[in-house]
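Presented sequentially are two complexes of chain A, the first with chain B as partner and the second with chain C.
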Partner chain A sequence: MATTTLTKAPRGYDPAAATPFLEQLDRVKGGLPGAGLSWLDGLRDQGRARFAELGLPTVKNESWRYTNLRALDKLAFQPASVADARFDVLPTVRADGATGPRLVFVDGRFRAELSSTAGLPAGVELLNLADALARKPDLLAEHLGRIAAPDDQPLVALNTAFLADGPVLHVPRGVTVEETIELVFVSVGSEAQPTAFHPRGLIVAEADSRAVIVEHHVGLGSCTTLSNGVTEVFVGAGASVHHYKVQREHTESFHLSHTAAKVAGKGIYDNFILTIGAKLSRNEVTSVLDGEEGDTHVSGAYMVRGGQHVDTTTFIDHAKPCCTSREVYKGVIDDQARAVFQGKIIVRPNAQKTDGYQQNRALLLSDTAEIDAKPELEIYADDVKCSHGATVGELDDDQLFYLRARGIDKAAARGLLIGAFLSEALEEIAEESVRDAFQSYVADWQNAR
Partner chain B sequence: MAATTETVEQVRAVTEQKYKYGFTTDIESDVAPKGLNEDIVRFISAKKEEPEWLLEWRLKAFRVWQEMEEPRHWAKLSFPPIDYQDAHYYAAPKMKDRPKSLDEVDPELLKTYEKLGIPLREQEILAGVEGAEGKSPAIAVDAVFDSVSVATTFKAKLEEMGIIFCAISEAVHKCPELVQKYLGSVVPYTDNFYATLNCAVFTDGSFVYIPKGVRCPMELSTYFRINQANTGQFERTLIIADEGSYVSYLEGCTAPQRDENQLHAAVVELVALDDAQIKYSTVQNWYPGNAEGVGGIYNFVTKRGACRGRNSKISWTQVETGSAITWKYPSCILQGDNSVGEFYSVAITNNFQQADTGTKMIHIGKNTRSTIVSKGISAGRAQQTYRGLVKILPKAEGARNHTQCDSLLIGDQCGAHTVPYIENRNRTARVEHEATTAKISEDQLFYCRQRGLSEEDAVSLIVNGFCKEVLKELPMEFAVEAQKLVGISLEGSVG
Partner chain C sequence: MIEIKNLHATVDGKEILKGIDLTINPGEVHAIMGPNGSGKSTLSYVLAGRDGYEITEGSVSFFGKDLLEMEPEERAAAGLFLAFQYPVEIPGVANTTFLKSALNAIRKQRGEPELDAMQFLKLVREKTKALSMTDEMLKRAVNVGFSGGEKKRNETLQMAVLQPKFAILDETDSGLDIDALKIVAEGVNALRSPERSMLVITHYQRLLDYIVPDHVHVLAFGKIQRSGGKELALELEKNGYAEFGVNEAA
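On to the complex of A and B.
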C-alpha cells in the first residue's frame, strides 16, 4: 500500500477524472460572462475546487452504484464553441403556428434570434444568464448556488465551475404567467471532438405567483455531446411552479441533469420528466419542502431501447410539518437498455403530519433489458403517512390474450398495453397541452420500432 | 441475609434495566490473551485440535481480513471505532471433558441455564440424563457458552436416524469430509469484513447434517450465551439438508449486562439440496445496552442459505429485539430451479439501539420464488433500517418476489428507514415491493384503553398484532417467548 498519498480522495470518487475538465476550464475561464464579479468568481472557484477534489463519481459511490460514468473519462470532452446550426422547426407544445415566450440555447449558448419574450406579463423577466448578470445581478447573487450546492455533488460542482449561460426566469409576487414558457435546448456538437456544455438555469417564483415551464432537450445530427445542466427553482409561499421536461436527444449524447427546488409554505412544485433519448442520461431531482403545507409532485416516464441507459434519481425532503409529496414514475425498457430508479423520501424530525407517496413501475420488454430500483424511505418523525411501492415485470399475458381474442394483432396489442401503462404516469401532468404533446412523443417512440 | 440481598437485587433489576438475562456466571474460564494475531488463530486451532487444512483456511482468512476495510460507508449505523486488539478471542469454561451426565456439568453452568429460563426438563436433557430422554422430547439443544459448546442433547436418538447434530469443533473430527466440503461454500472466507474475521477466529457453533429423505423429528436448537467480559463471540453454524430432508432449527442468545460493548460476529451457512427444506428461526435477545445507550452487544452477523437443489426451500424467521447494534442480512441464494426463499422478520429497537437489517434474495434458477415480510418497530431514540436486495439474474425465468416492509414509529425521537434494492435482468420475472410507515393510531389506543388496558399493554397488544404475520411463522416453542419479548422490549417507550 502506498503510504505517500497526499490527500485521500473520498470513497466513491475518481479525482483523476477531473483533470481534462479543469484544463479546459482554465483556458476558457477568463471569457466567461461576469468574470471579475467577486461573488460569481467565488462561486465558480468553489465549484472548481470541489470538483478538483472529487472528480467524477464511481460505482463505489452509493448514489452512483448503477450508473457508470467511465465513458465520460475516455471521451475527453471539449468546451462547446458557438454552433452555427440552422433549424427549420423548433419543438413546441403549442398548437400550429402559435408563438409564445421561448428561450433557445444551442450547445448551452443563448440564441437571441430564435428566442422571444412576447406575451409575458409586465414585471416578469425571462432572460439568459449573461443578460441577467447585467439586468438582475442582485437576483442572481441572492439565488445562484443556494440550493444546488457543489458540496457533495461533483456534477453540480463541475457545472458551477463552468457557469456561463442558461435560462433565468423571475416571476414577481402575485403574478400569474398564463402562457407556457418554453425552454429549448439543442445539442449539436462538433464533428471534430466530443463537446461538453453546462447550462445553468434559475427560476424564482415569488409568493403567490404561478408559472408553467416546459423544457425541450433535442439533438441535431449525431455528434457526441455532454450536457451537464443544473437548474435551481425557488418556489415562494403560496406560489406554484409547474416544471415539465422532455429529453429527446439522439443516442450519441450524454445527458446529465440536476434540478433542485425549494418550496416555501403552501407552495407547489410540480415536476415531470419524460426521457426518451440519449445514450446515457441521469435526471436528478431534489425537492425540499421548506415551509408548512407545501406540496410537491415529482413524476415522470422513460422509454429506452438499444443500448440506452437511463437513471432517475429523486430526493424529496420533508423538512417542515404538514407537507405532501407524490411521486409516480413509469418506465419501459427494451433491447439491451438499462434503467435505474433511485427515489428517496426523507422526513426530518418534527416534520409531523407528512404525507408521502411514491410509486415506481417498470416494464421489461426484452430478455436482455435490465432495471435496478432503489426506492428509499428515511423517516425521523412519527406522525407520518409514508408509503412506496415498486413493481417490475413484463406485459401481462392475460391482458394480451384479452386483446388478441378481440382480433387485435400481437404488435398492436402490445402497443396498446405499453401506451396504457405509460399513460398512467402522463396523467400526472396537469397541463393539458403539455400532456398531449408528451403523449405524442410517446406514440412516436412506439412507432419508431 | 437472603432477604436483604434479594431486595437489593430486585430493586436493581427494576431500576437498572428490564433485561432479565443481564447476570454473569462466576465460573473459572480458560481465556486466550487479549489481542488478535496469527498466534491467536493458531492457539484457537490448537485448542480445538484441528486438522491442518482448517488451520490453513483460518490463516488465509486472517491474512485477507488484515487487508479489509470495515464496512462503515453504507449501513445507517454509527459507533466508535472498534479496537480489535482489545478483546479475548477465546474463552471457555474450564472442564476436563465434555460432560456425560448431569453430575459432570459444572453446577454454575446448570444454574445459568436455569436462570435463563430454559425449562428444567430441558435442562436435564441438556445434561444428558438417562430417563429424561424418554419423556416427550420436543427439542434438542446445543448450548454454546462463550467460545465453546458445553453440551448437546439428544445426540444418540438423532444418530439412530443418521442425523448429525453436534458442536462444529466435534464435527471437524467426526465427519471431516462433510465439513471440508461445505464449510465456506456459502459464505467464502473472502466474503466481508466480519465474516472473514469469523473464519479466522471462530470458536464453536453447531453442525447439522440431515441425511437423504429424513425428516428431523424434533426442533434442533442452539443457545448462545456470552458470559466472559471483553470477549467476542464468533460462532459458526453449518446446516446441510440432504435430498428430500427437512429440519427446523432455532437459535437463541443472551448476554450479561455490561457497560462495554461486546462483539458478536457469527456466520451461519445453510445448504439445501434437491427437495430439501430448512427452516431457521432466531430470537435474538442480546443485551441491548441500558436506557442511556451504554453497553450492549454489537451483533454483526452473516447468515446465508444456498438452495442448491431443485425444489429446495430455505426459510428465515427472525425476531430481533436485542443488541446495541444489529448488522444482519440473512440471505437466500436460489440456485436450484423452483427453489423457494422466505424471510420473515420482526425487529424492535428501543432507547439507543440501532439496527440495519434485512435480506438478500438472489434468484438464479428458473421459477424461483421469494417472499419477504419485514416488520420494524422503532421507539425511544432508536434508528432502524430495513435494507434488502432482490436480484433476478438473466436465467431466472418466471422468478417471483413479493416484498412487504412495514415500519411503526413510537415517539418522535426515533427513525425508521427502508432501503430496498431491486435488480432485475429477466423479462419474465415479477418483482413487487411495498413499504409503509406509520404510527400507532389514536383510535386503536383509545379502543384498548377504553376496555381497561394500560397504555403499555395496549401498545404491546397493537404491536403484537402488527407483527402477527411474522410471529405465526415461528415454531410454537419460540412464538410465546417472542410475543413476551415484544412487550418487554417496548417497556418504557410510551408515556
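On to the complex of A and C.
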C-alpha cells in the first residue's frame, strides 16, 4: 500500500473517529463487489488508509469550521443490510406518470426490480456499479477516483474505502439522451441501530453528448441513517450535463454528499441542488473548468427549520481561459436552524477572459436562525470578470404590509414572499419539468408549517 | 361609513396627528389637502393599519366597528382600500398571482366563494382594458419595472378588482404627467357610486380638477384647519397654505 507517501493527519482532524467505521469495513470488505480486481482493491485501500489517517474533520478544520460532525461519533453507524422496503410511489419529476429511465437505490444498494432503462438511446449505459464492473470495467478503471480523490477529503476517502454500489451512466460521443434520467436514493435504515451507506456515482458524458439527470434523495420511516455519497462527473468536449438533485430526507438523517465535475473545452456542467430535509446535510460541489470555453452553473436553494443544519460548500476552478461560471444560491432559514455557505472560486494564472458570477442570498425568518457565509475569490489572472455578492435579510416589512393591505393574511403574505424569494434560484433550472417538480417540493415545505 | 374622532397618533414618540375629526358618508368624496409634513400620509397609513404608529387618543369607527382593532387584512376585507403613494415592488410575485390572491383572500374572509382561474381572468381582462393596461403588465412581477404612471394605474386596477367600499387615494397624482393623470382619474371616477366613498389626499389642486370632491379639508400641523366645498381647493391653489401658518418656501 502507498500509505507511506501520504502525510500525517494535519490539524483539524480526529483520527479516532475513524475506528468504528474501519472495524465495520473489515467485516464487510471481502463481500464488496469487484473484490480481487487489483485496481479497485488498490483504490479502496487508498481510501481506507487515508481515512484511517485523517478520521473525521473537526471544527478546527477551516473547511469545516461551521459544520460539526461530532454527532456522528456517538451514533456507531453500522453498514446497511438489504432493507426490505415497500414503496407505493417513487418520486419523479415526470408529469406523465410513466416510468422513464431510472435507477433506484435503497440504503445505498441497487434495486433492479424498481429500476428501468426504458427510453434510453442505443449505446447509452445506465447501470449500477456491480454490473458496471462486469460490463464496463475499463470505463470505471479509467475514471473512478480521478476527480474525487481520497487524498483531499476524509469523507471521499471513507466513501472510497466502502466503494460498493451506486449509479453509473455512460453517454457515448454525440448522443443526446432525450428522456430525463432519474436516480432515486431511498434511506430506510434499521430500528436496531443507525445505518451508514456510501453510494458512489459516476457520470461520463463523452464529447458532444447531452444528458439530464435528476437525483431524488428521500427517506422512509424515521430511523437514523448516514448517507455519505460521492459522484464524479466527466463532461467531454462540447458535451452538456444537467445534473439536478433534491434532498427531502426526514430529519433523523445525516446527508453528506460530494459531487466533483471536470469539464472539457466547450463543455457545460449545470448543477442545481434543492435541500429541504435531513438533520444535518452538507453538499460539496466541485467543478473544474479544464478546457477553454467551458461553462458551469452551480446553483441551488435550501430551506430549513427546527434544528436542521445545512451546509453548502462549492469550489469552482477556472483552470483554463475563456470559461464562464455562474452560481446562484438562495436559502430560507427558520426557527433555530443554521445554514452555512462556503463558495470558493479560483482563477488560475493562465485562465484569462474568465467570467465568474457568484451570489448567495439568505432569508432569516426568526431571530434564532443563523447563516455563516464565506465567499472566497482567488484570482491569479489579470483579464478577468468576476463578481460576487452575499446578502442576509429578513422579510421586507413594506412588502408584507402592501400584501396585507390588499386582504392577504400575514401567513399567506409571508408564504408568497418566501416563494418569490426562492423562485429566483429555481429560475436557474433550465428544464421546465424539473423546475415545476422542485417548485412543488418548495410549496410542500411551505405548507408543512 | 367612517367616523374619525379626535385621532392622535405618534411615530417614534413624536405626535403627528393631533386630533383629527372627520366623518364620511356613503357616496361622498372628500379631499384632504395639506403641505408636506402635515400628517396626510400618516393618516392614510393609520387608517390602513400599518405598524409603527401609536394611537394615543381617539377612535375610528368603520361601519360601526372599531377599525383600529382590526388587522390590515381585516380592514381590506371590510372594504377599506389604500392606493399607495409609493406602490411597493415585489420581485418574484406575478401581478396576476397577487391580484388573484388578494381578491380570493377578501372573498374568503367575507364568506364568498373564491374565483377559479377562468373566472378571475375574465374579470381582470375587463378591468385592465378600461385602464389601457396590457396583458404583459399583468404577467410582470408586482410593480417591478413599472413607470410611475403604470404603478398608479396598477393601484387603480387593484381598486377596480377588489371593489372597496371606502378608498383612500394617497397622493395619487404624484409623479404623473397629465395624460397618465387623466387615465387614472377616469378609472377612479368610474368607481364612484352612491355606496362607495373616497378620501383623496393631495398636495395640489390639480388632481381635484379630474376627481371632483364633495368636501375639501385643509390639514396642517396634524389637525384639520378648515373644511369647505370644492371651491376651497381653488382658493388654496391661489393663496397657498400661508394663511395656515405654513411657509412652503422653507
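By our rule, the second predicted complex is superposed on the first by the 439 of 449 C-alpha atoms of A that agree within 3 Å, B and C clash if a C-alpha of one lies under 4 Å from a C-alpha of the other, contacts with A are read in each partner's own complex, and residues count from 1 in each chain.
Assume contacts are C-beta pairs under 8 Å (C-beta built on N, C-alpha and C of every residue); 3 or more make two chains touch, one makes a residue touch a chain.
In this text, all values refer to a predicted model and were calculated from it rather than measured experimentally.
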* Pick one for A:388: touches chain B only (first), chain C only (second), both, or neither. => first
* **Which of chain B and chain C A:365 touches, first, second, both or neither** => first
* **Partner chain in contact with A:419 - chain B first, chain C second, else both or neither** => second
* Asked: Is A:379 contacted by the first partner chain B, the second partner chain C, both or neither?
  -> first
* To do: Mind telling me which of the two, chain B or chain C, contacts the most residues of chain A?
  => B
* After superposition on the shared chain, which partner residues are touched by A:398: those of chain B (first), chain C (second), both, or neither? -> second
* Asked: Do any residues of chain A touch both chain B and chain C, and if so, which are they?
  -> none
* Structure fact -> Interface with chain C, chain A side, in the complex: residues 397-399, 401-410, 412-413, 416-417, 419-421, 423-424
* Footprint of chain A on chain B - complex, ascending -> 73-74, 76, 394, 407, 409-439
* Structure fact -> So, in the complex, the side of chain C touching chain A is made of residues 48-51, 71-73, 75-77, 81-82, 84, 87-88, 90-93, 97-98, 101-103, 105-106, 109, 141, 158, 162
* Structure fact -> Residue set of chain A touching chain B in the complex reads 11-12, 62, 349-350, 352, 362, 364-394
